[in-house]
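In what follows, structures are represented as structure tokens.
In what comes next, subunit A is part of two complexes: it sits with subunit B in the first one and with subunit C in the second one.
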Partner chain A sequence: MVSHPGSLAQQEARFGWKTVAPSLLLIALLIVYPVAYNLYLSFFEVKLSGQNEFVGFNNYIDLLADRAFYDSLTVTVIYVVGSTLGTTLLGLGVASLMNHKFPLRGLVRGLVLLPYIAPLISEVFAWQFIFDPVNGIYNHMTVEVLGISDERVNLIGTPGNALLVVIIFDIWKNFPFAYLMILSRLQSINNDLYEAATLDGANRWQRFWNITLPELRFVVGAIVMLRFIWNINKFDEVFLLAPNVKTLPIYTYFTAFTGTIEQGLAAAIAVVQFLLLIGLIFLYIRRVLKW
Partner chain B sequence: MRKIIIILLAASLLWIWQGSVIMAKTNISFWTTETQSERMKTIQLILDTFEALNDDIQVKLVPVDENDLPTQMAAASAAGNIPEVVEMGSELAVAFGSEGIMDFGAHEAVINDIGRGEFFKGALQLTTSPAGQAYALPYHGWVQGIWYRADWFKEAGLAPPNTWYNILKAARHFNNPAKNQYGILIGTKPEGFAEQVFTQFAISNGAQEFDANGNLVFNSDAMRETLEYYKELQKYTPPGPQTWRARDYYLQGKMAMFFYSTYIMDDLSLAEVAKGSLTGENFEGLGGVGFDANLVKNTKMVSSFKNTQDSSYGVIVTLGITKASDSSKTDAAKRLVRYLYEEDAYVTFLHMAPGGMNPVLRSMAQSDKFMNDPKGIFKHYGKDKIAEIIGGLDHLQKFEIVEGKMFPASGEIFAQKIIPQMIYKTIFEGVSSQAAMNEAEAEMIKIINK
Partner chain C sequence: MVISRILQKTGFYFLIILVLLFTLFPFVQMLSTSLKHQYDWGNPSLIPQKLNWSSYSELLGFQKKEVKVPESIHRLLNNPKLSAEKRQKILDRFTSTSDVFPFINYFINTLLIAGTAAAISLLFAVFGAYSFSRVRYRGRSGIQRGVLLTYMFGGVLLMVPLYQISVQVGLANTSTGSILTLVVIYVVQTLPVSLYMLGNYFRSIPESLEEAAQIDGCSRFKTIFLIIVPLSLPMLVTVYIYAFMIAWNEYLFASVFLKNFNEFYTLPIGLKSLFVSKNAIWDRIMAASILTALPVVFVFMTFEKHLIGGLTEGGVKE
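Entry: the complex of A and B
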């Protein structure tokens, strides 16, 4: 049998390309093209009539001189760090609890998932109703029943509090995701490790610190990274609950579609956000996860 | 083989022909800002009737929230599929008209067909460009006013809220957050409602966006005074940014005054209807919570108030036909719009919100069919009150019209929510009145120079 040594490998490679081609095409169409088009738009002054005017780096220069952009950046950082930390820690705590045996554990485990699976819009309406300054139960409880405060507040509407509310909402809504991933990892940790540690005289805390946490390292790392990406790009939750919290996506939306409609500038904000995200993920993988 | 080919060919020709017969129906879409499901049903009924009478036209009804309309139109025009017919406030019609989206010729044709003299002059003025072209057709309108608890005012010995002084005095008097009761509702969320309320205050203080020569005179002492006054008044509204939805607090007896259009007439009398069904033996436990049967009797409205001059505000809702690439679509749109002014269709449309939707055609305002609304709401208020409200549509004051001249840039300024943003910034983000006004002025200049 005479055969070219590379041919089989080549054939396989060709076959490989053929199999991934549909996905590549889809990715190109739905992801690469919009990203590239957005990049292209960011160098133009976009007119609704369609006659765009090339302005070079002007949009970026305008952006870097805009105080509102830095405000939005700060809000985004607080929002992302707060919500990512919150969801992960709460998820870790709840998962550790649920890993113990207790009556009706199955039911409770299921109920914990509710905020994550319930439709966002109904949750947002429920929250808005809870925090309504005049008729909401929150103000009724704090002012009239418990007397903690003597003033009714519009917790969601007031810009100062709104950010906090949005962070808490995100933690409440998304911690089940962290919980679910951590719990499944916890269940696969070999029990022998704990038994051996117990024999060596390790207490509860030492076992958690020296066995559980290192075992969870990658799963927690992945959660943090995913939440980080999702929350930097998060639009729906923030916009529906409190559009006055101007994270970068919300700021982009307002720039693109309200006031003096500036879609070129909005495209530039999106590009900056994209670069920022890539940079941070790269750093995170290298420095924190050491992959 | 040849036979098969011939048969196939014939079949495909037949298919194409059939397709073209179906295709011959002209499809147009109609965007409406009446998004409530009941109103959608009524409009759909009107459209179904229209389609039955015109079997070559198919109309698709699309509900769009008032506040999203500029965004949606921008997106639709970028995507090349703007609707043929749009129901929208006159400000937006002017804004879209200035952007070159609307078909002035089509509007003129329908107006002339109905008869120019049939329309209220004031309504027509709001939709006519400086060059005398029609941005859209006025369709129905409402008047804004301060609705107030006449019984509370009487008990407290306060004068009706018809001057800046009286309004502020009453707002202070009735505001009692400890009892969860508030003085007044004005718009502070960055939405259209805030501008509607603010405009009436500004005009009552002689503040305008443009002077009669078309110069931007927004950044004036009178305007700053208005903004300061507005900030002061905001202290007596329910906490945080508020919009028209907070009128519920009034219906619950927790507020003394609120700005609203005549649309509320419906809700006020319906509260009475609701009380009838929700209390008594049917639902003993409820005891009429949230519904005050006497509210409609105890509520009065001031549609015009003053500081340095009288000011009345209202909105004309219009029907606009957009420029279409295809003349058959324009023709279909014209026929639809013309049909919507036919007595049966028009009255059915207006009766969706008695009091809120008032006719802009003289003959219709006097028609018995119109006065006899199915819910009997007009009877509550009496023929005179209704006539007064409809008459108000003839002399509305708005930023777009200065000394009878029309300034289209004002519509664009409205569409882009510049004034509501200014109000929000100065009240909730700690920006000083002057700084917020400077910022707003800069945005307005950008629009004018575009």
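Entry: the complex of A and C
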């Protein structure tokens, strides 16, 4: 032992690397390398023949000169801000409801999770049916029951309205995530705090503002950050419900796989989107969370 | 005081009902439409006037689609001058099964692809998570943080390079190659979450148990299988289910890699293709949606306790 001081530790280290190596290799090969390769491709005109042509910053210059890019950027910002805020706020509200005792609470808590766990493709069709111009309940309500509108409209077919539907759909689908995280934090708040505050004459609102919210600060901060990351990258929810809502991922997909296929340009959009994500997260962590 | 209490109670239950209505309505609508006849679709009532099970039995293959050969064609077929070959050709056109939606086929594809990917992911994750939680070496926390960073890379950032790589390696041309690529992509997509969840769980197992086994002469590898795996069974099931659900629902990569291989479609792309095809009939689409959701919802309900615990401990990647 004494003559080989590092041997046990070395053995341990070797075992550690051996067991983690398969996972690391896969992640390096299928996540890290592709990300780097994506950056590389963004400087090329990608040809179907495989003979890619180096074009320097041309893809980026083309992108920044394209109006469609700025439109897509605007749509992305509205979508991400709307869905992130909506998900978090609704999650907060539902969590504070479910934190009270009532009959069948266990069942209700489980049912509320359904939108988050059921397959996206099924849910998308249900929502499309609800907004279907011929059969949907939405048009029945607005035209025949409430009389807000004179004629049946295809809400998902018009990009401006579709964006709103997509945001509401996203809130519906993902609020259970926020709700679960917040609820599990709520349940760990010490009840003594509330009792002491009640004795001091604090009303319900004051207790919420001065005890609950500060206790939830970290979990809400984390939820906003995760939802923000996921929603900026979100492809399937938007694409399957309303492909005419062109957020950056949808714009990238169309550029890469439809019409005049321009995968070099698509790679450039993905890079710009990623830089945007990193920049905004950095700002958020520094300015909002003050970590 | 009493009145305000009652008002508060009523308001509270009203809100609960509102939340339930909002979350469940689309599912109720799905079920309702799947059981309605066409003339009933536009009817806002959720209860079908007359139950229609035909889309379910058609999707599940209980009922062959009726073949109607028009009278005029019958006369044509009876023409003795027609060669047997030609007669068969005409008949085939009417008895063609090409517009039957191969639901069972897609269901099995999805089951196999998601099941395999989740199993491989779990296997890799057991070793990786053991390394993260039990073995001491330099660089460990760096790797762990690096793995978590992959949460930031969305599918769209990987879509173009992965496609290009698979084309260059020659995997994208064949169905076997494409399915293989897809499985490996699902393994990698679920791996960071699996590593993270399992790592956290392994840390909660007392190290003394392993030490005892090692004193008895167990090798490190053996202790993983004899001590860690049996003690983590519920968590292994949870991680498997999460990985499975991610792969079961995945659309983007499936649509990129399986595009040209119809018979290997998974449910998400299969249902999407049904929706845009000429057979886009609401009762069938809704029935297919229900049947796609059922296994996932059933599994979730069965393992709800464990799965919810996993969710709040970071067991998600979108």
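A few comments on the model shown:
Rule of thumb we're sticking to: the second predicted complex is superposed on the first by the 268 of 291 C-alpha atoms of A that agree within 3 Å, B and C clash if a C-alpha of one lies under 4 Å from a C-alpha of the other, contacts with A are read in each partner's own complex, and residues count from 1 in each chain.
Throughout what follows, a residue touches a chain if its C-beta (ideal position, glycine included) is under 8 Å from a C-beta of that chain, and two chains touch if they have at least 3 such contacts.
In this text, all values refer to a predicted model and were calculated from it rather than measured experimentally.
Superposition of the two complexes onto subunit A shows a clash between subunit B and subunit C.
When the two structures are aligned on the shared chain, A:F257 is found in touch with subunit B and with subunit C. Within the superposed three-chain arrangement, the count of touched residues of subunit A is higher for C, of the candidates subunit B and subunit C. In the superposition on chain A, A:G91 contacts neither subunit B nor subunit C. Shared-chain residue A:R152: touches subunit B; no touch with subunit C. Shared-chain residue A:G110: touches subunit C; no touch with subunit B.
Once the two complexes are overlaid on the shared chain, A:V134 sits against subunit B and subunit C alike.
Within the superposed three-chain model, A:N244 lies in touch with subunit B and out of touch with subunit C [touch as defined at top]. Contacts of A:G82 after superposition on the shared chain: neither subunit B nor subunit C is touched.
Of the stretches 129-137, 219-227 or 345-353 listed for subunit B, only 345-353 runs into subunit C once the two complexes are overlaid on chain A. The residues of subunit A shared by its contacts with subunit B and with subunit C are 50, 134-135, 257.
Per the touch definition, subunit A reaches subunit B in the complex via residues 48-50, 133-135, 150-154, 156-159, 244, 257-261. Taken together, the subunit C residues at the contact with subunit A in this complex read 12-13, 15-16, 19-20, 22-27, 29-30, 33, 41-42, 44, 124-125, 127-128, 130-132, 135-138, 140, 143, 147, 150-165, 167-168, 184-185, 187-188, 191-192, 195, 220, 245, 248-252, 256, 267-268, 271-272, 275, 282, 285-286, 289-290, 292-293, 296-297, 300-301, 304, 308, 311-312, 316, 318.
Those residues of subunit B lying in contact with subunit A across their complex are 70-71, 74-75, 77-78, 99-100, 177-178, 180, 182, 189, 238-242, 246, 248-249, 252, 254, 416-418, 421, 424, 428-429, 443, 446-447.
Only residues 9, 12-13, 15-17, 19-20, 22-24, 26-27, 30-31, 33-35, 37-38, 41, 46, 50, 94, 97, 100, 102, 108, 110-115, 117-123, 125-130, 132, 134-135, 137, 140-141, 172, 176-177, 180-181, 184, 226, 229-230, 232-236, 239-240, 248-249, 252-253, 256-257, 263, 266-267, 270-271, 273-274, 277-278, 281 of subunit A touch subunit C when the two sit together in their complex.
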